[in-house]
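Listed after this line are the structures, all set down as structure tokens.
The same subunit A turns up in both complexes below, where it pairs with subunit B and then with subunit C.
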Partner chain A sequence: MSSKSGRGVARRRSFLRPTGYAWILPALVFCVGLLYYSVGYTGYISTLDWNGTAPDPTHVGSANYGRAFADPVFWEAIQHTVISFVVTFTISTILGFVFAALLHSRPFFGGVYKVVLFVPVVLAPAIMAPVFRQIFANDGQFNWLLDHLGLGALAQPWLAQSGTALGVILAITIWGGTGVTFILYFAAMGQIDPELLEAAELDGAGNIRRLVSIIWPNVRGTTIALATLSAIGALKTFDIPYLVTTGGPNFATEFLGTLIYRMSIPLGAVGYGAALSILLLLIALVFAILLNARRDKGEGRNDA
Partner chain B sequence: MLEARRRSSRIVLQIILTLLVIPFLLPLIAMVQGSLAGQGWGNYVAVLSVPELPLFFRNSAIIAVATIVFVYVLTMGAAFGFAKLHVRGKAFYFWLLIAALTLPEVVLLTPLFATMTSLNLYNTYWAVILPLTALQLPFTVLLARNFMEGIPDEIIEAARIDGANTFQGFWYIVLPLTRPIAAAIIVFTLLGAWNDYLLPLVFLVDPTTQTITQLPQFFVGQFSNDQTKVLASAVITALPEIIAYLCLQRLFERGLSAGALK
Partner chain C sequence: MFGFRSAPKRAKSVAAVVIALGLSAAALTGCSSTPSGTDSATKGAITWWGWTPEIGVGKQYIAAFNKVYPNIKVTYKQVATASYDAAIRPALASSVGPDVFNVAPGGGIGSIQAYQGSAVDLTPVVTKALGSDWKTKLAAIGPKGLTTSTGKLAALSVGSTFAGSVWVNPTIFSKYNLTPPKTFAEWVSVCQAFASHGVTCFEQGAGDPGFNDDLLHAIADSIKPGVWTSAVAGKTAWTDPTLEQAMKVFKSMFTDGIIQKGAVGVQQYPDVNNDFLAGKTAMVMMGTWYMQYSTLAGATAAVSAAGVANAKPFPMIAIPFPDVTGAGNPAPLFGDADYGLAVNTKSSHQKAAETFVTWLGTNEAAQQVVANSLNDISALTNVAPKWADIKLVDAAQQQSTLQTLIAATGKISEARLGDVGTALGQAIGVATSSVAAGNATPKAALATLQTASKG
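Our next item is the complex of A and B:
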């Protein structure tokens, strides 16, 4: 680790950086030892036909991967992941951007609005899941609200139908994620030169015009950061669909996370679950590489 | 940001803001309202009188604190090494760490299950603390390294000329300067550990080790699916999180924005 540099004058005068292996080693051992070991292990299991407990499982080569590509639920899960990314990113971005602009305009009780937006970020999805199950149940508060708004005709069992369940899952994700989007845009907008806005105002630009032509381009870095965060979030989706709809009805809210969990633990198709895990990892890795490529270009840090 | 000089336009902005924020408030209202249905406050009395309840909070607290300590110590050391010390093949090691940034925890389940069982760690706090720490590290190291790279080398070199060794330079010069990013790391790790659901679900089996995210399911069993009591338990578990956020509001908000931007 650290050499006693008081020992020699030459060493003390040296401006060469001391070596740092000992400093990075513990974190590396932790990460490589636990994560890479697990990934390697998963890769091995993915070539087995194994229920998780049998003493000597059969080697099946790439059969589990073939099964994944032929499994319509796998493709549905990927489709839901893409939909989830596009929808939650778009809506959260618009909402977060508008909230940030509105709260920068010194409204009354701004602090209260901020708290309401941010509390959902802090609460565990696992804690809120039963609440949302209740709200969107057939006799839940959402249908009650529709009824009292004169929209009773729209009331339906939201979570029990394939057509509406995914929408509810996405709404819950947006509810829990917009606070982060808002806080990031709020910080980014604080960095915009006020003179820029004043100049635009002198030129006669209205509120909408300023939002679109000045504020939006100036927070572009934040928008890119949010896009990558959303993509990673979509790939990691598990808690909300598992706890609110358990991936159903009829796989309508199945994500890669819920599919892998169901295969690996309750159904005991451990080999198949491992193959799905490796496929998920490959997708995640492509994202990681894209993310790093962008960072290396030096675009990642020019935002607020 | 938006210009609203006249009273009427200020009111319009206020109304738009209020209408937009209502959907975010409604689930919280529905939670409280649902928890008071049926027996009213009796639901809370019933939930609070369940003897296992404090155990879940204790377990969550132990796991969160231990994870934060591990993540903080390992992150600061590694970030210092990556940002300020000489390591051959540094880029490769860093890449190795960062590649795990997008790793979903669900892919670790089977190997961890086998490993934890053979190490007799199944149903102990370690089965959750160790993977949680490993999963947090790529992100926190990235954050801390970026921050430490902003600290001028001259300060550390000056300390070395004055006879400080590497560790002293780290301890007395670098560490005190990293407080803002340390706050971000702690908030992130706290939320990640406290709110984690999947790892406790798989690796912890009874109330002596389970965390608060398992409470709703525990109460579904406890009160044979009495929804009002499950909601009362949700309110009781949500309250400490909301109170912690309200007390440390700036820390949470700054921590999360620092985290997402780097």
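Our next item is the complex of A and C:
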């Protein structure tokens, strides 16, 4: 008994020794100082009417949050984020899954196809943005292609219209993200027991049936991980709309990231920008909780 | 007993952690500066951040400055226009920002409204340099846009820029035997002719609020001079019939084929600028800052920067804004200080920084360098470009038009963006691009401006 309590004291003493803290200090400073302090400070700034440099910011309480809820552009940005998540996740998942299945059938030049599919992931959006601006310009290559395919009637200034600009942004996002979806599905499919597929084949299941009933359920974990990544990606969207359309025309491609930047930097409404950042954080937390709850529920069902 | 012995140890542990944290924090902020005790007006090293002038022109200014003040080392950092606000805001909030920084009148890039709190009042140094009547020696448009509502001269203008004119590529016009338009009808006709040859006639970055502002401003002032400024000041309603007529003309420019299709998806910089410099479009609406591309060196560098191999400069010229409604008024021009140099209140070399800023803004030799670079109209009213020292691409075609343009700016007191606040600027951008894209009628778009100006 006494020896037990003695070990307990020794453990407590070693825990309190400064050397113990020293080991975790860099991570502590990094996490607390950089992340949580920044979040806390952003929360504080969100209660100010401040341009970021003036020495005399005004406390406005929750007025910046009220302004956000009354701002139609904020709701447009939320709407675009949701559309972006649904569209990019759905299309990237279908494309990635199909490409991965096709390449598992070992076609000729399979290695080349893999590289071709993955190259867009490696290319920086900043490099590709001017290329896409050129392709989708009124006199760009996309309209040229439509003309030469006899579809000239469909040619239009894609980036200049509120109705088509978001579609272009989503197409670029899908182009840039499908490579990751493909690679993850390709790896996940490699983990499926071949005997399972052979058994299904012996039972008379065709290719489509095996894809739907064997492969798809077995890569469920990857799909959920991709859904989480897509949700995070949609919330973080900034580079492509900012570089291709600067959030326009008329906020048609405004996302929370571009709105926060526009408010905080060019318009100097740092307090309002901070309030939008806190709202983005809360939305991200809700997303994370919902997706985790869904995953736990799924795991629970699998366990059962 | 055990508790009594462990308490000091715990205190020591906590103290050690606090000290370690403190040291870490100190290490993280170790680069913060302390005020220098050796601040001198003739010696030191200062940094200057700006989005303009071009790095080559900036070096010219510094080289000329160092002939007079060899012991003040100036390091100029040109920040991309689109990144300037993102860079300068945290820099000024920190204690390690630049000693000298650019600000501009109005609510756009480097807005004086946003950064005047970080700027030293330059009235004493400019008074010392030019005397108590300093205002009479400087172009009024400079201090007007750079003085705060409390009377602080937050920055000193190096020179001014004016917009309202249209720049043309005479080579393209002569190739198709066309002449630059003077009326709306001629403009439509010229553009139809260019379109038949597959050439872009007049290119506008209608996705860029500032340049839509320029275009609508020019149209409005050509109908009734001063109406735009009056609306910005809240003295004329944005729903005024003159402004509605201006917005209708603005819309016609898109529907009648003057402005290229898809303009709302295009930015003035870099898209339109690059196309014009690469010889792909015949006309653009740019300001006097385009004068720098009249010089052989400036044009060659700019054409090359626009992505043209073996760059061959062309003799671009400015023409007055066409009289779009036949009102017969003088061609509109409006301007501001291109940029002002401000001295950072947190600078540890304030005196050296003030020396540099005052020299560039008020010294005749310095202003001659500014005038000859043709980037800005000089801030000192008695300084003009020395044409004998300037090598133009084609002096026969360009010099007289440049002289006419510079002379015309001398009579202008109407601000370009200086009086437009950030919220109104954004509202103008939305209203004009909505009309351009056909998403709003001129009347409805102007009603939103009326609401924004009241807000």
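One rule holds in what follows: the second predicted complex is superposed on the first by the 262 of 304 C-alpha atoms of A that agree within 3 Å, B and C clash if a C-alpha of one lies under 4 Å from a C-alpha of the other, contacts with A are read in each partner's own complex, and residues count from 1 in each chain.
Keep this in mind: contacts are C-beta pairs under 8 Å (C-beta built on N, C-alpha and C of every residue); 3 or more make two chains touch, one makes a residue touch a chain.
Given the structure is predicted, the values throughout are model-derived calculations rather than measurements.
Student: Tell me which touches more residues of subunit A here: subunit C or subunit B.
Tutor: The partner that reaches more residues of subunit A in the superposed model: B.
Student: State whether A:48 touches subunit B only (first), subunit C only (second), both chains, or neither.
Tutor: Neither partner.
Student: Have a look at where A:189 lands relative to subunit B and subunit C in the superposition and call it first, second, both or neither.
Tutor: The first partner, subunit B, only.
Student: Tell me the contact category for A:201 with respect to subunit B and subunit C: first, second, both or neither.
Tutor: So A:201 only meets subunit B here.
Student: Touching A:225, do we find subunit B (first), subunit C (second), both, or neither?
Tutor: first
Student: Return first, second, both or neither, reflecting whether A:120 touches subunit B, subunit C, both chains, or no partner chain.
Tutor: first
Student: For A:98 in the superposed arrangement: first (subunit B), second (subunit C), both or neither?
Tutor: In the superposition, A:98 contacts subunit B only.
Student: Can A:265 be said to touch subunit B (first), subunit C (second), both, or neither?
Tutor: both
Student: Quick one: is A:21 in contact with subunit B, with subunit C, with both, or with neither? Answer first, second, both or neither.
Tutor: A:21 contacts both subunit B and subunit C.
Student: Could you tell me which stretches of subunit A are touched by subunit B in one complex and by subunit C in the other?
Tutor: Of subunit A, residues 13, 16-18, 21-22, 26, 28, 33, 52, 261, 265, 270 contact subunit B in one complex and subunit C in the other.
Student: Show me the residue ranges of subunit A that touch subunit C in the complex, using the header's touch definition.
Tutor: Residue positions touching the partner: 9, 13, 16-18, 21-22, 25-26, 28-29, 33, 51-56, 133, 136-139, 157-162, 165, 245-246, 248-251, 261, 265-268, 270.
Student: Flag every residue of subunit C that touches subunit A in the complex, lowest number first.
Tutor: 2, 6, 9-10, 12-13, 16-17, 20-21, 24-25, 28, 85-86, 89-90, 92-93, 109, 111, 113-115, 117-118, 206-207, 260-267, 271, 422-423, 426, 430, 433-434, 437, 439
Student: Using the touch definition from the top, list the residues of subunit B that touch subunit A in their complex.
Tutor: 1-4, 10, 13-14, 16-17, 20-21, 23-28, 30-31, 33-34, 73-75, 77-78, 80-82, 84-87, 93, 95-115, 130-131, 133-135, 137-138, 141, 146, 157, 160-161, 163-168, 191, 194-195, 197-198, 202, 212-216, 220, 227, 230-231, 234, 237-238, 241-242, 244-246, 249, 252-253, 256-257, 260-262
Student: What residues on subunit A touch subunit B, complex-wise?
Tutor: Checking each residue of subunit A against subunit B gives 1-6, 12-13, 15-24, 26-28, 30-39, 41-42, 45, 52, 95, 98-105, 107-108, 113-132, 134-135, 141, 145, 175, 178, 180, 183-184, 186-187, 189, 197, 201, 207, 210-211, 215, 221-222, 225-226, 229, 232, 235-236, 238-239, 243, 256-257, 260-261, 264-265, 270, 273-274, 277-278, 280-281, 284-285, 287-288, 291-292, 300-301, 303-304.
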